[in-house]
Amino acid sequence: MTARVGVVTFPGSLDDADAARAVTRAGGEPVPLWHGERDLHGVDAVILPGGFSYGDYLRCGAIARFAPVMSALVPAARAGLPVLGICNGFQILCEAHLLPGALTRNAGLRFISRDVRLRIETARTPWTSGYTAGQQIVVPLKSGEGAYAADPGTLAELEAAGQVVARYIEINPNGSAADIAGICSDSGSVVGLMPHPEHAVDELTGPGSDGLGFFASVISVLAGA
Amino acid sequence: MARVVVDVVLKPEIHDPQGEAIAGACRRLGFGQVAGIRQGKRFEVELSGPADDAALARIAELAAELLANPVLEDFSLRTV
Amino acid sequence: MTGGPGPSGQDTVSVAAATPGRQQPFAELGLTAAEYDRIRDVLRRRPTDSELAIYSGMWSEHCSYKSSKVYLRQFADKAPESAALLAGIGEQAGVVDIGQGYAVTFKIESHNHPSYVEPYQGAATGVGGIVRDILAMGARPVAVMDALRFGPADAADTRRVLPGVVGGISFYGNCLGLPNIGGELAFDPCYAGNPLVNALCVGVMRHGDMKFAAATGPGNKVVLFGSRTGPDGIGGASVLASASFGNQNAEDGGESSKRPSVQVGDPFMEKLLIECCLELYSSGLVTAIQDLGAAGISCATAELAAAGTGGMRVSLDAVPTRDASLRPAEILRSESQERMAAVVEPRHTDGFLAVCAKWGVQATVIGEVTDTGRLEMTWHGELIVDMPPGSAADDGPVYHRPVARPAGQDALAAADPAGLARPATGSGLRATLLDLLASPGLADKTWVTQQYDRYVRGNTVLAMPEDAGLLRIDERTGLGVALATDGNGRYCKLDPYAGTQLALAEAYRNVAATGARPLAVTNCLNFGSPEDPGVMWQFEQATAGLADGCATLGIPVTGGNVSFYNQTGGAAIHPTPVVGVLGVHDDVRRRLSIGFATGGASIVLLGRTRLELGGSAWAQVTHGHLGGRPPRPDLDAERSLAAVLIAAASGGLLAAAHDLSDGGLAIALAESCLRGGLGCRVTLPGDPFSYLFSESAARAVVAVRPGSQPAFAALAAEHDLPAEVLGSVGGDSLLVADCFEIPLAELAAAHGGTLPALFG
Amino acid sequence: MARVVVDVVLKPEIHDPQGEAIAGACRRLGFGQVAGIRQGKRFEVELSGPADDAALARIAELAAELLANPVLEDFSLRTV
């Protein structure tokens, strides 16, 4: 049975179609989920895609956090449902307190759209199990508020518990604390990532296909479960 | 060290889509008594000297040139 | 006698009839006395305040094309036969058939004046406006481009305007989820005080999905949806884009002095509008649709009615507003962003409103279609507008403005750059190349393009810094479209006819360089005041050049936009037509990049190189000189070049292709090396300076795959296209035999350092 | 109609690149007495009813849940 991966569309979501395409490419079945429904339709995993939910007015992700679909997603995620938040999705996960810390204004104060090199720091999440720890990948980053911030205690805990999922190498494009590009919950099932693996699933339209591993990982984990 | 707060608000006739979207969210969250929201900025300016008249006059200049966009915004100063 | 207002205090139709002598502020609204008299003739009375608001918007230069109309006709009259054209000039945007059941619509538009007043919001709302044009054709917008021109790069005001403009385009386009796939960035003192901000949008639909802006069917409802109407942008069309721009604060049409012309964009609302409209279309709920742009509700209602059954009745007090104090004339003139108007059959209105509610878009029935032949509007039950809609929408004034070749034109042509000192040694040529590569106009544009999302929607195959943007349209077949915009104010200043053809040729060449077949043209004509006979001469020459050029190249103009009054005081900008060309790519997997990435590929220069330096980047950067004749356009040669590039791409013969333009071969080689990460070694077949820096048109440099050289040579010969083998790709430097060698790192530093140093 | 202003400021330990950039610009413009700037937000909330204690308590909830992010920001209310 192919894994069914939900992709949530909020008003202002932009990369939902890309995320669904990436799921298909990785062999899964994408299931569109609507922000206004309190129902996950029995999916095996969920992606919160990139974009500007509610215009990113107020703070990125601040309004989306209260969408009806989140009232179903938050308890499911706490109970172990694999969730990947990409860019705006990461911001929503932080605002919803499923992940610690916050994403703040880029150090250079401008929107950045560029390819970045990341090091995958852990393969123990369902979204990175297909990579090896230490593996380097190139994927696009595109955000204005992508600088990860958290208090020193939280940062220390994240490091100690191995919850840093990916780090910027070569350069830190946005001033993220400890070069953090992505983190996970203590169980590992909820992952937030600022760069966009769904834009790197095909040489033709992306910098390469290094990002496919996130989607392939969860699908193979679900198949084995 | 003295501190001056510069409040920057959109001119009343300028459209504030952010404020509207936030007000909409408030109502969806059950805060029915919110009739509207206008979002502005607030700058806390720390001075190396006292907040005397001369300094305030300089800060007002600064606000007009840099902190507020005169095409869209108004500003006001207060010492705290 | 005094005619008191009606019971509501409004200037109603009956009040107007009873008070024929009342003074009206037509001049402040941008109308001439003769135009005002014509309105009185049409109505056989004086207009009401609201009618005057409608006419002033619709008869503005921006909406009526009154100074340009007589020239724009030739785009249709001289247009080549094109089976691809599904809708042409006259629609909001042209529509072309790209095969496999797909149609594409694209258009470029200016937002110059608003972007000078408030760069961030001005540019942002420029993107918003052109996207709604495309949406209103029935298409899903799929990408944007931006063609930008500013004053000197190191001028203080450029440091205010440029980052604001780029930030605004980034903010709006990124938030809409439209990839930015290309554009232009140029600097010249003539644009100080008059930046050019031209935005292009392209959309895709299936055949048969096309929508028209015609209010047909009496009894059908008129629905206004999107943002509420506010006091922003009141009179933008008549005031901003007109002669009075210079002192636009001086008058506001007699309305409250607090009414701002500056508008704030709400890209989130626009994103909702896009998704909402597409669902309305696919559910079959829309009879006709029109975006609200310049002249707002005036324009939407008058145009919909004029193009349809002919009549419409509107309750203006039904329009949702953000400010209860707005008066009818202000509501009519407001250019609040993110609004659309639709005509809907009564049986579909509930469904229509439900889709809008799903997307959180406010929608209100404001009137209905009638067969009276009149556009009638009421305000609290009183009739305040009663006019034939065509008189505003179609029968505006048409001017044959005086035309005179500018006095200085001959002297300009005589100032030939041939006499300027040229570098003669290898080290001199080397230094010249590095100077040009680091000059703001030719420098790496990453500082700008890094603020634009190019990836969203997952179909961007080529984007900046490639020659053209290339989008995949069909994932299964690989069908795609390529787009490029070009313009060169310096060439056009020297010779507007030739200069416009050069802009057309460059965009055509850029599209072909990806392997796509050019199909259609859009244009944005940025000029000074039409009341200046010299400017009108430039305009006459430019439009003739474009129409003739399109006829020769066999691609029709499908639409465009005119922006006049680009001047500071008496000084007009260089005439700057910006031309966009769209091409079809049969299989985007066979696209060509500009990058030299295949070691051992042989480098071939295509086309004929002459010593042509008039208006060149070399003359500007090294001598601050503008004079002489621009390069000679050779459109037949452009066709041959394109044919070879397209055939070679589809035959898989090439590893890279890059057109030659500003800065000539020297800059093209440097860009291809930097893009692909490999160097090259070349030997020039003649005078090194001419080969490196001349800007002869109809040329490209290609990297032929190892082993494909004989087949490629045969292909070029078949098209009579000169093809000179210069050398090969490889190494980590740009080496020109007997002249110089420059390590890639040094090229990159020169190319990449300029804009960050200027703009932080 | 009553109006409540919610001021949202970054917690003192949170880095404020925007404020720093503006402070830098001030000094370059010759406003030497600016020791530092912190940028915050200001929301003008218009209420449909009176700004009584019950309403203020609701607005405080709103500020804590929506207008400010407790990870980064503090807020305060004032009636105007």
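By letter and in written order, the chains are A, B, C and D; residue numbering begins at 1 in each of them.
Just so we're on the same page, contacts are C-beta pairs under 8 Å (C-beta built on N, C-alpha and C of every residue); 3 or more make two chains touch, one makes a residue touch a chain.
No experiment lies behind these values; they were computed from the predicted model shown.
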*Looking at B-C and A-C, which pair shares more C-beta contacts?*
A-C
*Just give me the whole-number Å value for how far the CA centre of chain A lies from that of chain C.*
36
_Please tell me the distance, in whole Å, between the geometric centres of chain C and chain D computed from their C-alpha atoms._
40
*For chain B paired with chain D, centre-to-centre distance based on mean C-alpha positions, whole Å*: 9
*asked:* Show the residues in chain D shared as contacts by 2 or more other chains, in ascending order.
replied: 66-67
*asked:* Touching at least two other chains at once: which residues of chain C meet that condition?
replied: 266, 268-269, 360
_Touching at least two other chains at once: which residues of chain A meet that condition?_
54-55, 57-58, 63, 66
*Chain pairs in touch?*
A-B, A-C, A-D, B-C, B-D
*asked:* Give the list of chain D residues in touch with chain B in this complex.
replied: 1, 7-9, 19, 22, 25-26, 29, 31-49, 55, 58-59, 62, 65-67
*chain D partner contacts - residues on chain A that touch it in the complex*: 58-59, 62-63, 66, 94-95, 100-102, 104-109, 147, 149-151, 175
*chain A-touching residues of chain C, taken from the complex the two chains share*: 167, 170-171, 174-177, 266-269, 271-272, 359-360, 449-461, 472, 588-589
*Inside the complex, what are the residues of chain D that reach chain A?*
13-15, 17-18, 21, 66-67, 69, 71-72
*Which positions of chain A touch chain B when the two form their complex?*
54-55, 57-58, 63, 66
